[in-house]
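One chain, subunit A, links the two complexes that follow: it is found with subunit B in the first and with subunit C in the second.
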Partner chain A sequence: MNTVWIDMALAVVVILAIGLLGTSRLGSIVRLFALQSFILAFLPFLLEGGIGIHKVVIATGTLIVKVIAIPAILFWAVRHVSIRRDTPAIFGGSASLLVGGFLIGLSFFLSSRLVLSGKPFSDLLIPSAFSTLFIGFLVIISRVKAITQVVGYLIMENGIFLFALLLFETTPLLVELGIFLDIFVGVFVMGIIINHIQNEFDHMDISQLTSLKE
Partner chain B sequence: MIFLILGLPFAGGGLDLILPTNRLRNWILFLIALAHLGCVVSFWLIPPPAVINGFLALDSFSIIILSVISILFFAVSLYAAGYVQNEKGRSNRIFTACLLFLLFSMTLVTMSQHLGLFWIAMEATTLMCAPLIYFHHRPQALEATWKYLVIGSVGIALALLGTFFLAISALEIKSLLLSDLISQAASLSVPWLKLAIVFLTVGYGTKMGLVPMHSWKPDAYGEAPGPVGALLAGAVTNCAFLAFLRMSQICHAADQAEFLKPILLAIGIASMALASFFMLGQIDFNRLLAYSSIEHMGILILGLGLGGLGIYGSLFHAVNNAFSKGLIFLVSGNLYQQYRTKRIGNIQGVLKSFPFTGGLLVVALLAVTGIPPFGTFFSEFMILNAALATAHYSLAFFYLLFLSIVFVAMSSVVLKMARGLPENREVELNPNQKESWITTVSPLFLAGIALLLGLCVPSFLNQALQKSSAFLGG
Partner chain C sequence: MIPFISVLSRLAACLLFSPFLLGVIGKTKAFFAGRKGPPLLQPYYDILKLIQKGSVYSVTTTWIFRAAPLIFFATTLIASFLIPFGGLKAPVQFWGDALLFTYLFGLGRFFIILAAMDTGSSFEGMGASREAIFSCLSEIVLFLNFAALAVLSKSFSLSQMIGESWWASWTVSGPSLILVGASYFMILLVENSRIPIDDPATHLELTMIHEVMVLDHSGPDLAFILHGAAIKLFVQGSFFVTLLIPFQSHNRIIDATVFLAAMIGLAVIIGIVESVMARLRLNRIPSFITGAFVLALFGLIIAIMRVL
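And now, the complex of A and B:
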């Protein structure tokens, strides 16, 4: 019974990532990321086993860091800068959706090649983790605004989080908390730098930062 | 003891955030660096016991890298005080605090025996470096910092993925402690282990600045102030190198060394090739040094990939490279403050105008390019020997070729800067830029160590190097 819900949640996570590829408004991009993290936060409870302290801490950690704190920083950054939109620079919106679809296919192919000792709780887990990861990567390389790049990095992190679900019993709580802390501080530092970029150049378009070149 | 050496820099960093004056903060920085060095010395005499279920412990790899970091940081802590003083009116609050937090995270990297904790500490070094690179607040520095943060974070995220793949491969062991992984390496799932190796190589390779993940390095090193460059090139890269050492340990135990070796050889020689060609005709001194750092990282990885004597050579080169890079970056800091430019063409006649800096510049050139009395020569020679001993003749040929290109590129530039007459008096616009003892003593100290390592390797270091290389089958 549970597997149906897990599969559904995973599908929604990937769909949200794709939706992000087709969105150009910065506010919506941040909202999509927050929604994706919100679903991820509840995923641990769908796994087998009772509600342990480990699951509760991870879920609360995800909620506080990825659903509340980081989107708050990003919204602050969006309000602070005068830009509202970011369209893909390398190729247009529809092309990047196509590439996204291709990446999902690639993820299924990759996961079919990797054999896991012991069956995972859902066949969709590894493909969707790879898909989310790849789409995050695509966002980083195809977008030019600093905030979108940060969101791309966070989407990647969400993909990695899905892999971490496979390892629920083996990763110590301390380590996972450390990872949350690092991601949070990372986004915080990036937020400060975005602010500096805005003050210094009056834009936060990374493609215009080109004075350092060979 | 382990808690002490971790707690001191952390507390010092916190203290520096609240202390009111530059002077007090400099003292804290210096005293913590001194205490850190003291702790490291005591570790050589009495190895500390492992703590927190073996999460933190000191093995022979850790102590080598930790000692290098500690000595280099000590020199930089002294130098940084003088450096910030010369930047009139600058507060060193963020600067010193970040330096100390960086020391904390680097110490944590060397001691982590759990690969998850190792990753956390490594990511923390990236974050702490970012404000340090932005110290001069120039627009270009902002661009460099952004590149460093984004590329570094993505790289390190891939390393996290690699770490998780390793954990999936070790599902039967149910642990990511290095000692467990090594003792039960036979039960690792091989396809996942290979995937983990690939991601870890890309991830930590980005941190180390290996080709093709090096693109942030010239920018970040080019914009970072001298003392920060010294730490980046000498200490942070060695932390990333430790990641490669850990990977080799696991591969060696799991009988997968043959999978890792060709990857290391290819990345190593590619790094040397690209670095040597970009060094020709480089017009910015700090960018030149950044490419030199890429080249030396290539040498380290190459030695590790060759195995046998190469592993000893590579470990020894990690030590030598840290001090020689530290030395030349501190000198570059002096040059920047004296000439207010990093363009090679605008710096001439250093020996005439600033005899100490000029002298140190020439010494640094010899140390970095590996000229005989310096340790770098011997470690580079060992790696060459290893290449010949394992019948990698064409590799040895290219190794020598790239080393000579680098030598020509660097010496022509540096000698032009050191000799000749100061071309115009504009340079002397800054009459207060005299050579202060504080910014001369620390590079001198590093030069002394670089020279000493070439003249004789202390027996305790030799033992640790041999013990470590034996772990990797060298």
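And now, the complex of A and C:
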């Protein structure tokens, strides 16, 4: 029965990633990310093997870092740089959604070719991990504003989290805590950088950083 | 004798219950806006009032303009015979009736578009062009949805696609159904010109899609279009409800009650969506439909992976 809920949660995680691809409002983007992380936080409890200390620590860690702390920092940054929307740079909303659909197809193809040592607890896990990872990539390369790129990076991290569920039993707790610390510090630093770009240039359109000035 | 009663009750549900859904949507929106709102039966009053009035025809119009409301009404009503709902089996079912289902709505829409162009009004031509482009995008998504359901149910007949045997295979088809359901709901909003695609309450010609096409219709013609649109919402909504709540107790009264309650629930959900969302800018609508497309594609891929 648990596999049904795992499948549902995985489908919802990918739906949220697609939704993120389709929105340009920064507030909704951060909210969608927080919701995705919220679902991921409860995913370990659906795995077999009861409720252990490992699962509780991972779930509370995800909740505190990815659902509360990071969105709070990002909301602070959104308010601080006082912009509401991000315009896709390279291709428009529909095109990036279509590419997202293509990437989902690709991830199903890739995962059918992937040889794993053990059987995953759901055949949707690897495809949705790949999809989330790819959509994170896509967000990073298709958006202009630094904040959206940070969220893209975090979506990628969520994809990696899904992969890590495969090795949940064997990964030491310390490694996962290290990952949490890493992304937290990463987002913190990026928040400061965004702030500095804003102070220096009065905007945070990073595509203009490549043009040289006297 | 039993099939006769079943067909009659199906017709009664379509004709009599469908305007009620519009009333529920209106009441929900009024509730969110903190107003009292029009009475639940307001759509019935509107239709009755319009039927009693006379029609005015512009001299530039031809028979197409007069035929369109009737064709729209008739095709929508015929389409309702293809799907099972509320414990009633579909009187007409054959291999591939999903195609007929889609193109019956297509035919009705085609004539409404023709009638809009027949008036020679530039406003209506604009609405017609919008309706044509958005419906042709949404049709692709609708067929992807049908394809996913066809793969899951190994049948291309609507009655089997949304039939009884879903609970048994819920573990296999659950994620696929969630995705197809989400995608279909988005298409439901597009097809029935609800917010965020089109605002049925506004009367600014520049932003309307469906409403602007029927500006020149009056009297009984407008009543047919109004009622036809309500039946369309009912039919497409009942497809959604039967897909996600395949409840069958084989007791007619319980089945009908559960179904009608679920339909009212759907109307409330549409009302909530309309209250909390703003209308999308016209050039953002294709990306809304693309979102539905990607969801349907994802659902289809999962269906193919799990079933084939």
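Some points to look at:
By definition in this document, the second predicted complex is superposed on the first by the 210 of 214 C-alpha atoms of A that agree within 3 Å, B and C clash if a C-alpha of one lies under 4 Å from a C-alpha of the other, contacts with A are read in each partner's own complex, and residues count from 1 in each chain.
We take it that a residue touches a chain if its C-beta (ideal position, glycine included) is under 8 Å from a C-beta of that chain, and two chains touch if they have at least 3 such contacts.
Bear in mind that the values here come from a model prediction, so they are computed numbers and not experimental data.
In the three-chain model built by superposing on subunit A, subunit B and subunit C fit together without any clash.
Applying the stated contact rule after C-alpha superposition, one finds that A:I104 touches subunit C and leaves subunit B untouched.
When subunit B and subunit C are set side by side, the one touching more residues of subunit A is B.
When the shared chain is aligned, no partner comes close enough to touch A:F121: not subunit B, not subunit C.
With both structures placed on the common chain, the touch criterion links A:V14 to subunit C but leaves subunit B unconnected. Once chain A of one complex is fitted onto chain A of the other, the partner contacts of A:F45 are absent, as it touches neither subunit B nor subunit C.
When the shared chain is aligned, subunit C comes close enough to touch A:T3, but subunit B does not.
In the composite built from the two structures, the nearest CA pair linking subunit B and subunit C is 21 Å apart. Residues 1, 3-4, 7-8, 10-12, 14-15, 18-19, 22, 92-94, 97-98, 100-101, 104-105, 108, 112, 123-124, 127, 131 of subunit A are the ones that touch subunit C when the two sit in their complex.
Across the complex, subunit C meets subunit A through its residues 170-171, 174-175, 178-179, 182, 284, 286-288, 290-291, 293-295, 297-298, 301-302, 305-306.
Residues 113-118, 133, 137, 140, 146, 149, 153, 156-157, 159-160, 163-164, 166-167, 169-172, 174-176, 178-179, 181-182, 185-186, 189-190, 193, 196-197, 200-201, 206, 209, 211-212, 214 of subunit A are the ones that touch subunit B when the two sit in their complex. Interface residues of subunit B, counted against subunit A in their complex, comprise 114, 116-117, 119-120, 123-124, 126-127, 130-131, 134, 139-140, 142-147, 149-150, 153-154, 157, 160-161, 164-165, 167-168, 170-172, 174-176, 189, 191-192, 195, 218-219, 222-223, 278.
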